[in-house]
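Chain nomenclature is as follows: A, B, C and D, assigned in order of appearance, with residue numbering initiated at 1 for each chain independently.
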């Protein structure tokens, strides 16, 4: 099998540095160039945090890069505004693209979809690369059809400001798409201390734990007669996104058109 | 909606008693008769363990029962040899059937499939009615494609004789269908105490805990870079089978032909 | 070793039936009589739920029983008002007593303490016989000195009316005895959905989960820099009280005076 | 309260770097000097990994350091051979000492004990500073007296070579000190796959899980009639040792003589 030739945009960011390591460690991936806001003309190995063995040129402009370098996939891990521009340039060149930024409007998505199809190429936009979290949400939606009494406990370090977490809210919303609103618990239950029964989103209870020592954890608990099913995800650090980036790169080689959300390329 | 009219075979067994309660509590189900090895001519409410309000005749013979009673579904919770006979009688009458026994050969299944299709009716054979356990196995098979490093911990009361449990073995086998065999752990890892790393099935490690106070629990743990996904099922008692029986009765009304395994009617 | 001779009051209650089985299975215990509100003159084996082999007379009056039977310990598993009377009768006779009821005033306790000392005998009053739960509370109090950031998650079946559970409140109160009140979480944290951060008792957060399939579970979570300590208790059914009753009977043989709370005889 | 003046030996090691940060963040601690194998004459802030604000001289020799600097406590986080020498020098000077290395013989300990008492000063030798892990072991030993059926599950990343972990073995050994050897599980249980029931140490079963994404986790599970008690410790990174170092520094100010093991200063 030929190696998949990758141009990485954003090689010095936290995700970018992890992505360089991941490409280095994946035998069928090859980095052919990086696009950085500065450092034009250097080699990737000269960038802070990059593997010392990585020989590939750095460009400070995607257009120049695409004009000079033969590649299969552009992986963009920059900011929303830049990412959108990069995606468009890559599609116009007929290159496949994996992009990890958010901030696309419905009109953007519609237009990019048409563009990808015209150019007979593929693109994946992934606001979340954490495969484990995506599986947790997917399974939760499936389980809710059969075990509709559900509570979510999410646990994070005590520096987190918002509660519940975005993932907990997203999980609950996905569940409400397949489950009718229902009142959970005993109709006559009462809180002797306010807040004990947690937050409520269409009947689903959500509890947020904040303690030092925790990182990012969530469990979705499904109760049924005589049984309990629990789906739990523990995320330790940013490396947890790399299997998702790898999967997206492999998948984008096989599709035509635009896919939004990694869950849509996972069966 | 018309109520689904049910004939229950095996009303005095442990599963049967729970099924009577479940039918009683399900507003769109109606018990129209029971088939018991004895007690012919009594009412269901007279049987030991039956809800006192259940007015439906007891027959000691399925053939007589089917000749006298109009019904939609036969639910059989008896023994394999009897179940097989009941299933055949019901299909020949064109009745839909849900059957919870095991022990069908491939030839049996082939013949019954043809019979169900000829009679334009449906049948579901379910060796396991525990919806939560079936979901755990289904999700495990799905997750293994993306997070292929897997260990299983199953925990049971200390009266259990075999280790690992049947469910743990089944889970591991389902995973091996989608995952290539792989060596897990560090290539140079060693056990300072024999057995510490558990049993191995094509690379998947299985650990069996046996303690008083436990009932029946299993967790399937998927490790990936920087993250862990865990799917856990806790089974407390036999009532955990009733949502599965209910689902099977509802589903058998809509199918034509034979379905083996509840997992095949769950999306 | 001589067997410990036991008179059991309340042999037909849920706890009483379990206690009969426990005495039967404990080789150094011997049932010498039972005190029941009815069934005077029968044998224990005739009572509903009793082991069929238990030959010991039933009395409907504690005073008569104590007058006729030689015993070492009276175990009382009746109601508060009756229990108090039984305890007093037993102490006056110089018998050791284990009593599982609540409802003693401080004056009661003071008076019974003096009485036990006068009679040079021992008594244990145990509002909670669940050894595992008592250990959980004891350990929580110890851990709170070193890891003072604490949240409690308690999980019960969805028929429970009150939240938080009594055990959760008791645990939190025991912790506040050794920990100064502190504000947990980030000073600027905010709830986007009300109740997400749970109930609060002097800074300790308490979360109550209510789902079908759950029985009675609690975890106390201690967060510290880079680490988390969790103490968890799962209670499945009333048999969980029997190791506590057994321990109390063994311990009451060795003490003089009155002990309130099983935690005070556990090191 | 006067600040506790600290000399830190080993400031560039992994533990040492964390200790510098901890001292910086503890308002009643003050770093007065560091002892490093090199960098004599520099300031601590010049060392790699040190907080930039830390103004305190670096010595490459403990003897010189002690001759020039007034301090209350020497904290040694170097290697066993060096640590032993440092401890002896500090005690001879009458300084209190906290030392995190292992490798002391019984004769060493005896001699150092006498020395500390002669000099009317205190020393704490702590092979393990992880407070949460120490509490887990302490609680396990206490619980084993009341709930003697025990299994241990420890989980680590898949780069770990040995199984079971040292902490699991230590926990089991501590339990065997208070529990008689017993055969756990059903007398007739059998393994259909070898290793399923884990390793065995005097009847206690130990299971070792190794997966990417895990860090360092252990749960000790106590089963009793109708109940399960679980004590779990999750360690995320080296910062988890700092509360233990802090506790040791605070405690060593109040003792006379030698204490071996942090568990002996925790109530």
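Just so it is clear, a contact is a pair of C-beta atoms (placed from the backbone, for glycine too) under 8 Å apart; a residue touches a chain by one contact, two chains touch by 3 or more.
Bear in mind that the values here come from a model prediction, so they are computed numbers and not experimental data.
Steps from subunit B to subunit C, taking the shortest chain of touch contacts, total 1.
Simply put, of A-D and A-C, more C-beta pairs touch at A-C. Where subunit C touches subunit D, the two copies mostly use the same residue numbers: shared numbers make up over half of all numbers in play.
Subunit A and subunit C have Cα centroids lying 50 Å from one another.
Subunit A and subunit D, compared by their mean Cα positions, are separated by 38 Å.
Taking the mean of the C-alpha atoms as each chain's centre, subunit C and subunit D sit 36 Å apart. The set of subunit B residues touching two or more other chains comprises 213, 222, 224-228, 234, 236, 240. The part of subunit C that touches subunit D in the complex is made up of residues 130-133, 135-136, 138-139, 142-143, 145-147, 222, 224-243, 247, 266-267. The residues of subunit C lying in touch with subunit B in their complex are 213, 215, 234, 236, 240. Subunit B contributes residues 149-151, 153, 155, 158-164, 169, 184-186, 188-201, 205-214, 221-228 to its touches with subunit D in the complex.
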